[in-house]
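Down below are the structures I want you to see.
Below are two complexes that have chain A in common, paired first with chain B and then with chain C.
Up next is the complex of A and B:
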């Protein structure tokens, strides 16, 4: 089965391009100390706001630091926050969606109204309240994004569970006396995996944009640690004298998000061929 | 029909209840507490108790919640903690128009263009126009709004010098329509670009589905003019589900306007909340969140009722 999925995915050209681009960005972020051409933190007052040239490919910032190196290091923070936040929201979303979809009845009604509620409050506002109350920072950003992002996942999981609930193999397992936890983990979740993976991919992209947006507002990861968002904020400040900072800083966010969206599309088509064209 | 509207109304009331409780709980578990704004280090215990009593903080949480909500319903959201202690409601009222103008113009612009592109592109399915539209929908959706805004400033105000990069008016200037439109241009384009992508994608898919339906085939078989088929039969039906999408996109649109207003120094609610978060001005944050959430829930309620009104095929009873 995995062989087939992989083959179909590889035939999806944009998804492959997205995958390659993303792999490069992720690898660069992981091996930042080895691949960044210059020291991302060392200030060089004699060399501030230099336009891109052969030594500083993307130019230097207002403190004379190499922009490319800062983007590579910034990828660490941005990708890590995006990934962890997605993980947290998936755990919450899968738990709530599973319970609602599996048990049905009053529990489902209550959980889904809770989901609707979180869906209708603008997520960014809730995040801003949380950050205002507890102060910004790496873990706060993960927590805040994770805590408000789960409703979409919960909806996807519940919808899948509803479909699976009436499948013959579930009835068979129930007739054999399978416990609820066995049913959920062995029968329901594996069969809900395809849409869940797609959902997680798309959410990772959204979480990265949100993180960048929060650090742009100065409410995410805090300097001197570079993140894509605060590189962008700095670039905006020096837009007239050093436009390359904001330009290159944003290009990386954009490519990353675009790649995730492409991969999500490719995964959707390859995991469930019946959905192609929808 | 009436039963459906009633059900939605009740659901909306419960949602509002949930929203207020959520905001209240977060503020409740905040370290310190609202009184910390007024407490100095050398104050005695009794003095602090006195402040707490005067702020009503010695009451149990449920009483304070009820007080807060009933005051909010009377239009009293408390006063700003920083700067001049202005009532939160007047701060919000002051900014509401600016946000409304920005969001309203962006939505209208995005919907108009999305309908045009969404109708034309499926008619010429697989043509270059269709391809460009789908491609655009993809790229537009992936643009981080804050980056797009900065890049537009770079191009149109720094390099070309055609448009102002921030604010609503020039300093010390009377209201002038041309200048207002110039200031509006970049923020609106930034906001509309993202939504144009999402909307176009949806209308295109919806049109494609409708164009392959039986009643469109019947209309064509009757020998109706193609325009009549397209606009009277197909478009009308394709737009019905779009009402829901429009309602559902509101929360993210609010998020988008927080960034757009910050980038372009647009004096609206989004900028107000970012400033208040930086100053930890709790009453203002709570007030803005409450007002915006209410507006979103109300808009969704209207979208939902409109949906059942325009599509007689849908019955809920």
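Up next is the complex of A and C:
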């Protein structure tokens, strides 16, 4: 089956392009100390806001730092925040969604109302409150985004579980006396995996955008550590005199988010159970 | 189907357009009963600024924005003119006695409050006693320290009543004459204590008598003043609207309305000025200056001001209680590059708290040069040694601190980040933090900070600016909590003198001490910058940055 999924994914051209672009960006971020052409932190006040040239391919920022190197390092922070926030959202969302979808009844009612409650708080407001109380920073950003995203995951998982609950193989397993944990981990979750993976991919992209938004407001990763969001934020003050700072920062957010969305699309098509085996 | 809905949409638009045209026609005609043909009358000026006002009341005066907005609503006995000297406003004129301790003000007659009540000397007396009242929050109080009985009247453990005093600080001679009795000559009293707004006795007397602070009164929501513009409405953090007061005592103001728009992001404010959404911008972000200067439809006025940008250090706590550390921090900065690169084209490098356009400025003092070697020597003298990572430490403690500035002040954030790097080269561990305005101001004023990049405005008389380094004022304006007995002595001596020629040598000496001590790492003198719609004319520019707003009744649209 995995073979088949992979084949179908590889036939999805746009998704492959996204995957390649994303792999390059992720690898560059992981190996930032080795691949960045210049020191991303060293300021040079005599060399600020220089337009792109052969030394600084993407120009320099307001502190004379190489924009390309900062984007490579910024990828570490942005991708890490996106990945960890998605992970946190998935852990909470899958737990709550599974319990609600599996047990139903009063437990489901309670858990889903809790989900609705979180869902109805405007995301930005919840994040602003959290950051205002606990102060901005890397982990705060992860926590805030994770807390905002989990209700969507919980709903997807619950909906899948409701579908699976009435499948004949589940009824058969139940009749054979399988324990709830065996049912959840062996039968429900693997069959809910396809939409969940798509959901996770899309959330990762959304988390990167949200991190950029928060950094833009000064609430995300704190300087001098670069993230794509704060490269964009620092660049917006110099849009007139040094447009390359914000432009390149924005382009990388755009490429990354687009890649994740393409991959999400590709995965949705290739994982669709109704297509498997055809 | 599509065609039909399209034609419906067009007819709706036509109807709406017709309604809008007919509706706004009469409203746009100014009610010109006095000057029907004078084209200068009329028009709405929209003024953009980053923050909301704290109080629509001239007494608390928390920040520059309070001075600006209250200048339209309220009026004062004197205002500072373009030359920096006080001019009569609510006063006809004044007499000063031979010993310079009795000042008699003759007030204009037929001056009305916005509610139609007459303005009299009793309002002035009431305003002075309100400022002296220790239950009332006011930053003007220190400027009144030379009034008779000041200590007794302002005693927070049971203030005296004026009736108990041998000599009252203010005496109402008649409805339009009032006398101020000083305990010592004080050259700063008229420009600094009497250039602040007068509040109406008939509306506030009962509240103040009941022991309320001004912020607790209904008055702050429905303020009534003597100024050229009267209050219409206030939507918190959004806008404040004023309309002209036809009975203004200096003549009917030209502008029909003032809309004060709060625009928290300064780059958005610059863009709004460019598109014409606002007509006037004060203190544009330095990064926006060159762009604004290129625009034909925007005029600007940039002139010497009183403001000063610098890193204020809390000298009460280690490590900044050591002068050598403060000096080292200043030597470590290439301030010329920082000022030129981040703080704006119009700013000149500062050597101390008094800018060159003020008579007490000492031109012989040079700003510290960029000298990292000297910085290292000073730290070594003070007992700091680098560890294996190059971080300076003493008794096992690293030389670490946090520099803060306001969340809106992008140029100071950038300057702080640049300074952070210079200090890191010296072996200092520096964190940066951007804080919401009121939160940082509160901590900064109460000494709950390490280092802060702030832009305080100097006072029109240097005595006020110097007072911020007097140990008597550690909880009232001396934000670096600086204490230096020799400096205190010099400032006390200068305070007794009224002639500039006598005061100048003392202030030059004070500037030498401050230069050596560096309680503030002075960066630059801030010019006053105003950006406005090219049709606007008639602005009066004074050394006080917000002084321009005290003459807004003379401004009009020339088109």
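Following the convention adopted for this analysis, the second predicted complex is superposed on the first by the 272 of 278 C-alpha atoms of A that agree within 3 Å, B and C clash if a C-alpha of one lies under 4 Å from a C-alpha of the other, contacts with A are read in each partner's own complex, and residues count from 1 in each chain.
The criterion applied here is as follows: contacts are C-beta pairs under 8 Å (C-beta built on N, C-alpha and C of every residue); 3 or more make two chains touch, one makes a residue touch a chain.
Just so we're clear, the structure is a prediction, and the values are computed from it rather than from any experiment.
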First, second, both or neither for A:51, with chain B first and chain C second: neither
Which superposed partner A:209 touches (first chain B, second chain C, both, neither): first
Superposed model, chain A: greater residue contact from chain B or chain C: B
Which of chain B and chain C A:257 touches, first, second, both or neither: first
First (chain B), second (chain C), both or neither touched by A:113: first
Partner chain(s) touched by A:62 [first = chain B, second = chain C, both, neither]: second
Partner chain(s) touched by A:240 [first = chain B, second = chain C, both, neither]: both
Touched partner set for A:218, first chain B, second chain C, both or neither: both
Chain B versus chain C as contact partner of A:130, first or second or both or neither: first
Which superposed partner A:33 touches (first chain B, second chain C, both, neither): neither
Doubly contacted chain A residues - partners chain C and chain B: 218, 236, 239-240
Chain B-facing residues of chain A, complex: 113-114, 116-117, 119-126, 128-134, 205, 209, 212-213, 216-219, 232, 235-236, 239-240, 243, 246-247, 249-250, 253-254, 257-258, 261, 278
Residues on chain C engaged by chain A in the complex (per definition of touch): 267, 285, 287-288, 290-291, 334, 337-338, 341-342, 407, 410, 414, 417-418, 420-421, 432, 434
Of chain B, residues touching chain A in the complex: 11, 14-15, 18-19, 22-23, 26-27, 29-31, 138-139, 141-147, 150-151, 153-154, 158, 205, 250-252, 254-255, 258-259, 262-263, 273-274, 276-278, 280, 282, 285-286, 288-289, 292-293, 296-297, 300
Of all residues in chain A, those that touch chain C in their complex: 43, 45-46, 48, 62-63, 218, 222-224, 234, 236-241
